[in-house]
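By letter and in written order, the chains are A, B, C and D; residue numbering begins at 1 in each of them.
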Amino acid sequence: MIQFQCDYNEGCHPEILKRLAETNMEQTVGYGCDEYCKAAAEAIKKACNAPQADVHFLVGGTQTNATVISSILRPHQGAICASTGHINVHETGAIEHSGHKCLALPAVNGCINAKQIDEALALHFNDPEPEHTIQPGVVYISYPTEYGTLYSKKELQEISETCHKYNVPLFIDGARLGYGLMSEASDITLSEIAQLADVFYIGGTKQGALFGEAVVITNENLKRDFRYLIKTNGAMLAKGRLLGIQFLTLFTHNLYFDIAREADKQAQRIRKAFLDKGYKLHVDSPTNQQFIVLPDNDMERLGKDFLFSKWEKVDDKHTAVRFCTSWATKPENVDKLIAAI
Amino acid sequence: MIQFQCDYNEGCHPEILKRLAETNMEQTVGYGCDEYCKAAAEAIKKACNAPQADVHFLVGGTQTNATVISSILRPHQGAICASTGHINVHETGAIEHSGHKCLALPAVNGCINAKQIDEALALHFNDPEPEHTIQPGVVYISYPTEYGTLYSKKELQEISETCHKYNVPLFIDGARLGYGLMSEASDITLSEIAQLADVFYIGGTKQGALFGEAVVITNENLKRDFRYLIKTNGAMLAKGRLLGIQFLTLFTHNLYFDIAREADKQAQRIRKAFLDKGYKLHVDSPTNQQFIVLPDNDMERLGKDFLFSKWEKVDDKHTAVRFCTSWATKPENVDKLIAAI
Amino acid sequence: MIQFQCDYNEGCHPEILKRLAETNMEQTVGYGCDEYCKAAAEAIKKACNAPQADVHFLVGGTQTNATVISSILRPHQGAICASTGHINVHETGAIEHSGHKCLALPAVNGCINAKQIDEALALHFNDPEPEHTIQPGVVYISYPTEYGTLYSKKELQEISETCHKYNVPLFIDGARLGYGLMSEASDITLSEIAQLADVFYIGGTKQGALFGEAVVITNENLKRDFRYLIKTNGAMLAKGRLLGIQFLTLFTHNLYFDIAREADKQAQRIRKAFLDKGYKLHVDSPTNQQFIVLPDNDMERLGKDFLFSKWEKVDDKHTAVRFCTSWATKPENVDKLIAAI
Amino acid sequence: MIQFQCDYNEGCHPEILKRLAETNMEQTVGYGCDEYCKAAAEAIKKACNAPQADVHFLVGGTQTNATVISSILRPHQGAICASTGHINVHETGAIEHSGHKCLALPAVNGCINAKQIDEALALHFNDPEPEHTIQPGVVYISYPTEYGTLYSKKELQEISETCHKYNVPLFIDGARLGYGLMSEASDITLSEIAQLADVFYIGGTKQGALFGEAVVITNENLKRDFRYLIKTNGAMLAKGRLLGIQFLTLFTHNLYFDIAREADKQAQRIRKAFLDKGYKLHVDSPTNQQFIVLPDNDMERLGKDFLFSKWEKVDDKHTAVRFCTSWATKPENVDKLIAAI
């Protein structure tokens, strides 16, 4: 059974494993205060062209979202997000557990736009008696989105401007950031992401690491006491150096980006193969996740040799399914899938 | 600089690293539903002689404490603990962040006793109008304690009986459980721990793993929906198999216990060396943490070659310090420390 | 300026004021343990034909919703509600502040139906891996709804059956319960409400009291420790007898229902007056809230002598507005409004 | 049975009842935006000599404490308080329910001092790795304390200076503020309280009102969005004018202070009577609460005609009990108590 159901089927990139082995018996201080974490933070700041940023390492995505969002908000505030945003639909209420509502806006292919955000913010902040409803305190978007789609640079600029017009910070969930930036459809750089967002994270779990997400805080106002927040949220890894070593490896010799580009390439081969055979896309994604509408008998047939995710029923006889590639996807497995299609 | 400041200075036991490398490119499903997690859970249930238990794997200790405790309590309930308990003093309010008070009882060398617990529970439950104060909803103790000390089997039995007399579950934090069970001073087995506690965890982070804590739930009432709680608390590792592989390795060929026994042995050598030279113990610990009272000039002298933790000032000229051993402690480094003492 | 903008413009019904004055210098114990609270609880249980119910008195609606819902749910659970439900849109995140998500379903005129609820519950509970999404733990509806509309007895029976099929309790927000039950369009009794709901509340604030909501818990499983929850939520009134005296007065000689019937009657006069003049209803409500679509110049004209609420823009030239009557509405003021229409 | 067990046995001061009756059928807008609330806020600002302050009205003490404290703190912060502080022992975890720990310091007769606070703040803020423990984010004291005792002006100045040295705001719980300020032992004025505290509240519930606490915020940084916080905490009274009318009455013609002074006077008569008969004070209080050590047979004897609170067992044969006076205490009832002593 060849697995395409998600982008975390395997362990980690061999280069990371090698570095973990080489450093295994070194002694370091804990909790992310070691030299590897410092070096990794420096490498990330350099890659972001953001020398003043703060960089912190957490273990997983849900934890990162809850930690960042609850570090920003006061009790009466909520997070504007896409209706399909990860925090809104796939984190078992982690944001609400930290006390805050997800203020969902209707998404199109995973995206929301500046106009929607502006209207939502204006509706609240122009209300003469706004205290009876939740105050939007942060805008959360994902790049790429949960549907593999991308915002254009212009769209992100407009969103960022809208947020700042209302003095509301912009938080970008980059769980798959590399797959987004390396897509041929992307017109934005990591450095530009760092400029437009007030805080964002660079996902490791789905892009070569065993685990780990690197939070980059560029807005000075959001930096204060962030290490406390990590701890309060149970997100501070005792052997923090594991995160440092992994991210340092990913941000050495461009590894993070190279493996993402290759994954995107394999995903586009899958996309093309389905299109060539006349299948419809559920969502047209230029990144490592492909959403295809399959007749149910085809789904059953392909399901004998390949693992993929059922996404949602499209109609009585069709289902949207997801195929993911990753840094670990072997081209020969994609060949087999294409042959089976 | 030789480091004794904590028990998570190094990576992981070489056997674990080997297994992580061997399995690295295998494809598995995520979130702890893979075969390694299942096998590790089976191995742990067998070691606990608790075939009906539920076993779950989380990443770190603070996260585990917050997840377990908030899974048990309703909003008006709190957790009875030692004043020196980890949840009370060293988790940056993670328990309170989840909505619950730590109801601290005065500790002696890290321990509380059944009589204290009984009095606290009686004081509350015999109050004709108890609703104005927090209802104790769980009792939390650590084995070994944060001071390396141990409860005797009899003490644990009494605590367990007291809890159950009031229908309050007992939760044992076993971040260093192996170091406790393998101590020559211990008179209790893992299986007995599993019988006396309603829920406890077996620490991996400080005992050979890169990270990871295995929660064992023996009380049927506490099992419901625990996987949801893990997710809500941001504690569900995407590549859950990493936890399964590590714990499966630790619970194969008795590795978990063997490495703990050796660490305890090295710690006792350090203890003896200090006692032989006439130093006083701050706390007399039979496990891998040693608390010594050092004159400040000795502290400075030893501090040139060795890293250890300052615990607290004892008086103007003396400081209590902590030396930890672990599965990774090299006997030759202990030799060097003893020579320096 | 004659005020129709809400149903809490005045103080309390004169009979209540009289009783507060008569009892003012009596000495009673605090926190709702006095004889007036006991007598009021008995009167309510009798009116509900629910001798086994528990009755508690709280001060306000948002506080009551947050207290009841957080008393029911565990951290990974949320509350199914209408998208227009009060908890979802008008409580500044009180439910989320207590840690829980409002799982909003699309509402039609303020109502959701059993089919929608069944689908939402089935979607979750039939998911083989449900732990990645919030578990619905309670269903919240309002009777009457925030739009003044009513569920039929059959609809409520279906909703109740659906909830219980999945073992999820049904909570009915009765902030305006009397206005609902006394409507000519209502086909259900208080006693039937008590049978169908697991917990509900009888609103006092909007129906004759200075303040106060009476929570009626009929489901045995939801009764435990509720007084603690009231206190934890800051909702326990020191001079609890004020609530007892008010509800005892309201539930003596049918006062609660008589004043609600009269308010409904006045509201229907307003409704008829607008319809007679050819205005459109925004929502057709048989209770004390009337939602009318007004051309903007009519809105301005009426606004000179009457206070009413702007609800939402309907189009460029029309606005939906709300007129409320209450126990305190003077028929002669309704005459004036009708004359002005 | 004559009741001395608390200071909220009766309804409200007759003058307040009169004003509530006179205004009962007036129509006002809701939620504290009416003219009575505005006038009451002005009267309070004038009495505080704090024209720039913000004044908000809430219903009860626990709710006020939770709202104020959670409006100030971020998730990793806690509230320094006396071990006997109301928030620490008598609010069923309301502060923890809002996510924050009470950082209790050992109290002497209900008081903590500047030195203790300084040590606690220094311990945290001088720690090179403070993020593993809760950051103190506010200091909470009560004036008078829960034991009826008072801080001197000098003590309050020192506490205030200490707080501000560390940039931590000072919050004074004034549930019984009038009884404190009007005590012959008090050397401070309301205006000085307003200068030393960053936020405090003036208690109404225990001092003549049916209910109500007036929060006064003098620190500009703490003012932002406070009305939202009131709502999120379920503390916004629909008929807000009830609070405005009550506080306006209390702050007209010095009523608030006159009734407090008289209550203190009656309490001192009780104190003297016990002392004259050779009884010991449990705590020596100059305000309206008196804590007396009674032999158990005296307790039983007095308990036949008078209601008072059992505070705590002093030894096998003695119990500390509390007698409270209030604005409503009749001198002839005190005469009877004195005769019985």
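A few points about this structure:
Criterion: a contact is a pair of C-beta atoms (placed from the backbone, for glycine too) under 8 Å apart; a residue touches a chain by one contact, two chains touch by 3 or more.
Computed from a predicted structure; not experimentally measured.
Listing every chain that touches chain A and chain B alike gives C, D. Seen from the C-alpha centroid of chain B, the farthest chain centroid is that of C. Between the Cα centres of chain A and chain D there is a gap of 49 Å. The distance from the centre of chain C to the centre of chain D, each centre being the mean of the chain's C-alpha atoms, comes to 33 Å.
Taking the mean of the C-alpha atoms as each chain's centre, chain B and chain D sit 41 Å apart. Residues of chain C found to touch two or more other chains are 75-76, 91-93, 97-99, 131-132, 135, 228, 231-233, 236. Chain contacts in this assembly form a complete graph, since each chain touches every other chain.
Here chain D touches chain C in the complex through residues 1-3, 5-6, 8-12, 14, 17, 20-21, 23-30, 59-67, 91-94, 97-98, 205-206, 210-211, 228, 231-239, 242, 307, 328, going by the rule given at the top. Across the interface of their complex, chain B is touched by residues 31, 33, 70-71, 74-76, 98-99, 129-132, 135, 225, 227-233, 236 of chain C. Taken in their complex, chain A has these residues touching chain C: 75-78, 89-93, 96-97, 99-102, 131-135.
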